[in-house]
Amino acid sequence: MKQQQRDKEKLLKAKKSIVEILEVAMEFERTAQVFYAELASRVSKRIRYLVEELAEEEQGHYDRFKKLRDREDLEEQINTLITLPASDGHFSDAVHLPQLGEKPDDQEVLQYALWREHLAIDQYHALAESTAPGPIQDLFLFLVDEETKHKKELEKIYYEVVHSGGV
Amino acid sequence: MMRELYKKTKQLFPLGDLTEQRHDLVFVSIPHPFLSSLLRHLRDKEGFSHLVLLTAVDWLERGEFQLTYLLCNRSKAWDMGVRVVLPREGATMESIHTLWPTAATYQRELKEMFGIDFPGSPGVNDDFILEGWDDIPPYRRDFDTLKFAEARFTQRPGRESLDPAQHMAKHHSDGS
Amino acid sequence: MSIQDLLSPFTAWKNLFRDPVTIQDPFNDRPGSERYRGFHKNDVASCIGCGTCETICQNAAIDMVVGEGEPTGAGDSGLRPRIDYGRCCWCALCVDICMTGSLTMSNAYTWVERDPDAYRFTPGVDKKSWDNAPLGYQRAESHRLAPTQRVTMGEVAPERRIGSFEEIVQGYGVEQARLEADRCVSCGLCIATCPTHMSIPDYIQSVRDGDYEKGLALLYETNPFSNVCGRVCTHKCETVCAAGHEGEPVAIRWLKRHIVDQLPVEKYRRIIGDPKPPTGKRVAVIGAGPAGLTAAFDLAKMGHSVVVYEAREKPGGMFRYGIPEYRLPYDAMDIDIEIITSMGVEIRCHNRVGTDITMEQLHQEYDAVLLSIGLHLGRSTRIAGSDHKGVAKAVDLLRDIADGKSIDVPKQCVVIGGGNVAMDIARSMARLQKSTQGEIRVTVTALEDLDHFLADPEEVKECGEEGIAILDSRGPQEICLDDQGQIIGLRTWGVESIFDEQGRFAPRYNPEDEQIHPADRVIEAIGQQSDVTLLGEALTEKLAWNRGRIAVDGQGRTSEGWLWAAGDCVNGPDVVHAVADGHRVATDIDLMLQKKR
Amino acid sequence: MVYQPDRSQYPQQRADGSLDIDLESGKYLKLWQGPQHPGITGNMSLELTVCGDEVVEAKTHVGYLHRGFEKLMERRTFIQCFPIVCRICVPEPDFNEYCYAAAVEELAGIQPPERSDWIRTLILEMGRINSYLMFLGGQAGSLGLGVVAQWSTYVRDLMLDRFEELTGARIYHMFILPGGVRGDLPEGFQQRMEETLKEIERTLGDIEDVMFCNAVFKKRTVGLGYIDPALFNPYGVTGPNARAGGVAKDVRRDQPYLIYSQLAFEPIVGQDSDVFARADVRRRDLLLSIDLIRQILAGMPKKGPVMAKIPNVLHWKIPPGETYIRGECSRGEYGYYLVTDGSGYPRRVNVRGPSYTHAVALLERLIVHVNISDVAGLMVSLHTYPPEIER
């Protein structure tokens, strides 16, 4: 797992153009989608909805980035879409990367997904900081914002599933 | 005080229990044959010269009428309510118009509104309030004013009301 | 008779040149006084359509009609008073009794209209020129036509109760209950909110009348767990009580308990009546909790033969294993269960489906199967160190206490969680500490801030009274261990905010605000799930699911025609909801069994 | 010159005391005065048998306003009776509210707060003023002196303004709830009341000039409608009708209710027991009420509750019992006899209005030998209100 990440980082740093950055991001989402799709068949049917939703979610992200890449007026577009990224490095239950075994349960899957989003945010954020102001930095910030939104959605699900409050 | 008066009077008349409602108001019961002599005694010997009111209470479920004669001793500022119980069926009571002429008015009303007869009371059979009334005496408990009104009058159209709980049950019915 | 008597009357002439005292209307306005009782105004937004105005009106001038465009929400019937001014006598008793204060009067003096029907309208809905009149009659603060304060419930004082598991709430005496029941205005708005739609105003009336047998019969029409619900119901009814708008809501839950308290259990059966003749149909129920036993009770009354499989030592489910004895004494619960078994329900304890008998066997042996297994598996935060043996889950500990097992009482413990289960375990631990070591050292840390606690406010209040420290807005980070691997505490970060602007869960921590709460034991009470392993893989795969829970239709039937599911395992935790669910599935199972006949 | 009727025309008395009147004889005429007649207060009628100008027999007929209030109340909860009772007496409705409330409070064991007693007393005296003002207009009008009614109606209207700002209504105030009163005095009330009282006093001075110091009024009323004090008890005569005959009986002093024991006053008494004396007693009693209102507003505690805690009125049940509450209204003894049976409804309510005795037995007796033109004046002098007879 760690090795894989390091590879990705390298990949991201190497790319310079906006289109290229997006392609790396797309690749990131695509592999995730494949991972969840494959996981879905393994988990209990009870929590399969969760994994399927995650796969769908990643597909959605992928599609979104792809659409962006295919647009002509890309640079302008990035500038208008961007909002102040809410960067948040912490999770509800101080998530540690779980070892997703053969039969992960819902909490493990969610923690994994949260951790992944967290990683993505950190990465894009670091990249944005190391880039001079301009369209490319804007794009990174945009990606940070997108991933933060994803993470927020996941947090909500996590709270509903795990913190059911109790009777 | 009034309790002493009660004790004193009880030696002369078969009074029932004393109900002390206030320091200046008591109620006693007496079998109806002794009523007029008790009232005369109270009026002439005990200073209860003022007949405040005379009215009836219908105890339908017991089959009885209660007559209440409220007397006042104005110099001592005391009141005594004398209760008499009559069988509801064919209720008749001795008239006290000779003690208080104004009692005739009360007795006339009681005849009309409750159907209690006071033979010999002046004008007792004359209509008082209800000229041309042909139903049962209306202040009896078995006279249903609502039924009377519904039979006699029509409701204004367009009125309908919903019960909040039932209305909600209809709207929130979730199959349970 | 003097000369003066002849002359004196002529002094009247002095008024010849006086100005007239009359007011020329309509050229000169003469507004009604500040308190004038003129035409009604109704603030339809705060009106709840409870109909007390209609009830009190001695002229029958008020009708409750559907208020146009007003949404019908919880605690609002959607009806609004329409007033017939052909009958109204402007006594304003409707204003005085109004439970929300929405109904007032304007000082409008005159109104001329050709159409007599115009004088029948719905204030606030039919707009009138005086709707915003600042003057006009309002109920003075000083007088209320119904008491606004609850009759105080007797409770065992904290110093005394902390030493044992004795029940805290003492219950109303007859006179207290009558006074409290007297406060109900019988509007019935609560019925829709109660999941099992208990006839609340009617049973409260039975308290007023002292007719407890009628009260009990009414309770059993909709709820076979009145001893339990009279103590631990989530009482959503009270949140919509009309009396709660300008005072305290009626203590509906305590009145329910009062009814059952007044009758010896020997009388129950005669009041409830006997079951119908046997139908020969057999139903298996998995889990002897509120939903399962309610369904079992209903089905047994309908004449079906019912067997309840219970994995634990005793029946009761979450009632017994989730709620401590000081809130719900076992005796009270046992009364309800005794009545259920007296209807012919057989409860087989120590019988774990999936181990002692399989689902497939049940399917074969019974005409219908109901799954009502509750939520007995505690969730863990899974923070670092949470797998340490000194970290326990609240539900497991509560079960051990209920089963009378000896508990290794910690010197100092930290509870993670802000729900009722967290309070339950904290208070149970406090009691055990008090009786074993004489000193209470329990800390509760919750992610939520106090305003968003999931626990009932009374629970939180009573926790405080019992000397338990409650720290809100603390996010758990790590279970701290010493060199020997012993727990020394819980490390938390302060939570700056827990929900975002849209009210979604999005915790923001402040790592600067770090604390370590010393403890030799940490108890997690953040949530529960149901243990569905008993289904087996094949059935799990066959069943339709809905976001982690078994999917059921409106009547509680699963995608497998022979299997129903009900209670917390389908709906999430709520006692009275489980009871309602039990009724629902029982009705549906009966319908199916009749068709099968 | 005193009017001397021709006694030879008079009917003979039968053995039972009734008169042997043969209408066929042409000596007698039946005459209906009312129910619509300017000399009758309210809807009531007198069936007069006259011989020439002189009444030889009269019968009081009531029922034109009968709404069966006492019966209606048996079908209404205790709070629902509250808006009804005031309708039993239009010009002075507050006695009904007070007596009913006090009876309910007594049987239900509720103690209204002290300040509400002060406000209740204030209201009762305000109502008494209004009732007397109406009487003065009526008494003068019944003898052709129309201007007094115009003046008294004007100042009565000022008092209605005070009622309106205090209670929220002008005629049927519906302010004295069982348990207390519905509200406190409005700001500045005392000052505005003082202005009103001054205007009433000024007007009363005028009325004294044109009515009481008036040769015609005196000629018509002195000696008319004399009530022998010996008749007071047999005929249940109370209030100003008795006080004008020298009987110093006033419930406010004899059996002080509310806060009357804290006010300084003596019953207003007259001597001659005729129409003039009765009117004069009422005029002076009116002045007393003005004084009492001043005493009340000056002596009233400035702070404190005006309403006691009462049970939920929607299902208010009162234990079985019976009581009688009386008060001194402008016309005499007003009282409520309330019987409860433990249910949420009164078992029986009996309203004792002074007109019940004054307008029937007493009037029928006084009217004999009176000239037709004096009938209205005599009747008004008894100050009767028909609704309290027939309820």
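Letters A, B, C and D mark the chains as written, and numbering starts fresh at 1 in each.
What we mean here is this: contacts are C-beta pairs under 8 Å (C-beta built on N, C-alpha and C of every residue); 3 or more make two chains touch, one makes a residue touch a chain.
Note that this is a predicted model, so its numbers are computed, not measured.
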Labels of chains that are neighbours to chain B and to chain D: C
Winner on C-beta contact pairs when B-C is weighed against C-D: C-D
Most widely separated chain from chain B, with each centre as the mean of CA atoms: A
Separation of mean Cα positions, chain C and chain B [Å, integer]: 49
Centre-of-Cα separation between chain B and chain A, whole angstrom: 89
Separation of chain C from chain D, taking each centre as the mean of its C-alpha atoms, in whole Å: 56
Centre-of-Cα separation between chain D and chain A, whole angstrom: 90
Sites on chain A at which at least two other chains make contact: none
Touching pairs among all chains present in the structure: A-C, B-C, B-D, C-D
Residue ranges of chain D touching chain B (in the complex, touch as defined): 17, 61-63, 66, 68, 70-72, 74-75, 106, 233-236, 238, 249, 254-255, 321-324, 326, 333, 335, 337, 339, 347-348, 350, 352, 356-357, 360-362, 365, 390
For the chain B and chain C complex, residues of the former touching the latter: 156, 158-169, 171-172, 174-176
Residues of chain B touching chain D in the complex: 19, 21-22, 24-25, 27, 49-53, 55-58, 68, 70, 74, 77, 79, 81, 100-102, 104-106, 122, 127-131, 138-139, 141, 143, 145-146
Residue ranges of chain C touching chain A (in the complex, touch as defined): 318, 322-323, 375, 379-384, 394, 417-422, 447, 454, 475-478, 493, 500, 504-509, 511, 525-529, 532, 537, 540-541, 543, 545-548, 568, 572-575
Interface residues, chain A side, partner chain C - complex: 44-50, 88, 90, 92-94, 96, 98, 106-107, 111, 152, 155-156, 158-167
